[in-house]
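Some structures are shown below for you to check.
In the two assemblies presented below, chain A is common to both, partnered first by chain B and then by chain C.
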Partner chain A sequence: MSMLHLVNKSPYERNSLDTCVGYVKAGDTLLLIEDGVYAAMSGSKAAAKLSGLDVAVLGPDLAARGIGEDRLIDGVTVVDYAGFVDLATDKDKVQSWL
Partner chain B sequence: MSTTKKFMYVNRKAPYGTIYAWEALEVVLIGAAFEQDVTLAFVDDGIYQLIGGQDTSGLEMKNFSPTYSALGDYDVKKIYVEKESLEERGLSIDDLQHLTWEDEDEDYAEKDSIQVVTRAEMADLFADSDVMFNF
Partner chain C sequence: MKFTIQVNEGPYQHQASDSAYQFTKSALEKGHEIFRVFFYHDGVNNGTRLTTPPQDDRNVVRRWSELGEQYKLDLVICVAAAQRRGIVDDGEAKRNGKDATNIAPGFRISGLGQLVEGAIQAERLVVFGD
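Our next item is the complex of A and B:
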């Protein structure tokens, strides 16, 4: 069984990301959307929490916030809305960490 | 007789995820239009508001970040960004918009509006203000 985990809150304002990463299992993907995307910025305090995980970031949310893909940590996949849908259908379930 | 108070607007929220940042900007412009002494502080996630190159075309939301560059025209020239908040997020002042104001006493020379200050210096700025608005 595989899970798509969604985090939409800033890692500096809520504990959603902290809690979520404790539940991510092998084969799962973590998709960062909305203010959640800030966690994937290289050189940031939150980025270390993502190491070893399969992480995707929603491109339109990055662009809105002025974050270029060159500012992300290595190994992160940037997806568009269609890619978001693909992830949701590829996995068995979706868990949204509101 | 009117009195001018020192208004401090504290911005702690990222843009777009919530409406706080945009609402704060509108309140700031209103305060400035009434010729109050306006100072802006950006701490915590608030510094994300000032990142340059924001493009919301994929979101169907208004990109309000160009409005920050109008602050100088409203005589808002004191914008402080907290150093610790920048560093924690892997950002530097080079990632932020270049905001300026024109000094009419010096032949309208363009001067920087944004200053990076430490948390301790920010606390002093808060202490020095008359009224605090928190967003």
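Our next item is the complex of A and C:
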């Protein structure tokens, strides 16, 4: 049973990412959207927690915040909304960590 | 694949409605089915036709109405959340003695059972909120 985890808040604002990563299992994907994309920047306070996880980030939300893809943690995948939809269908469930 | 979308926030305080709209549009363009979009809590504010954002700003409410018309979407507003926030259709105006309505085209007001049914009938429930 695989899951797509959605985190939409910055790690500097909320602890929803912390809560989420405690539940991410092998085969799951963590997708960072909205202010959640700040966690995917190399050197962010959340960077260490993401190592070893399958992490994706929503490209339009990165662009809206002026974050270039060159500033992301190595291994993070950038997807568009179509890619977001694909992740939602590929995984068995979708969980929003609001 | 069949989706139900839940929107918990209004059009301007949070990004939730924008994200939900972009996801819904993208899913439809990829040929997926949207069983229902359920507007809950402050999300009911996405369904008032009386908003007038500046002309060079995106019109969040109209955008939902237009997507709803194009794809025959079931855009459902939670009745209890709507009553608290003054989102009114003809039935609610009559039932609660209001002198006006403000529901946007393509939306309807119904109960929480519609969310439960949406979660059961769809293969994925995707929630957008604060």
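Things worth noting here:
Throughout what follows, the second predicted complex is superposed on the first by the 98 of 98 C-alpha atoms of A that agree within 3 Å, B and C clash if a C-alpha of one lies under 4 Å from a C-alpha of the other, contacts with A are read in each partner's own complex, and residues count from 1 in each chain.
Note that a residue touches a chain if its C-beta (ideal position, glycine included) is under 8 Å from a C-beta of that chain, and two chains touch if they have at least 3 such contacts.
Just so you know, these numbers come straight off a predicted model, no measurement behind them.
Once the two complexes are overlaid through chain A, chain B and chain C fit side by side, free of any clash as defined at the top of the document.
Vertex at the C-alpha centre of chain A, arms toward the centres of chain B and chain C: the angle is 80 degrees, rounded to a multiple of 10. Legend: residue contacts after superposition of the two complexes on their common chain; A:Asn8 is shown touching both chain B and chain C. Within the superposed three-chain arrangement, the count of touched residues of chain A is higher for B, of the candidates chain B and chain C.
When both complexes are overlaid on chain A, the residue A:Met41 reaches chain B alone and has no touch with chain C.
Legend: residue contacts after superposition of the two complexes on their common chain; A:Gly68 is shown touching chain B, with no touch to chain C. In the superposition on chain A, contact is made by A:Pro60 with both chain B and chain C. Closest contact between chain B and chain C, by C-alpha atoms in the overlaid model: 5 Å.
Common to the chain B and chain C contact sets on chain A are residues 8, 34-35, 60-61, 80. By the touch rule above, chain A contacts chain C in their complex via residues 6, 8, 33-35, 60-61, 80-82, 84-86, 88-89, 93-94, 96, 98.
Chain B makes touch with chain A in their complex at residues 13-17, 44-45, 48, 51-59, 61, 63, 65, 88-91, 95. On the chain C side of its complex with chain A, the touching residues are 1, 3, 8, 15-16, 19, 22-23, 25-27, 29-30, 32, 124-130. Residues 8-10, 12-13, 34-35, 38, 41-45, 47, 59-61, 63-68, 71, 80 of chain A touch chain B in their complex.
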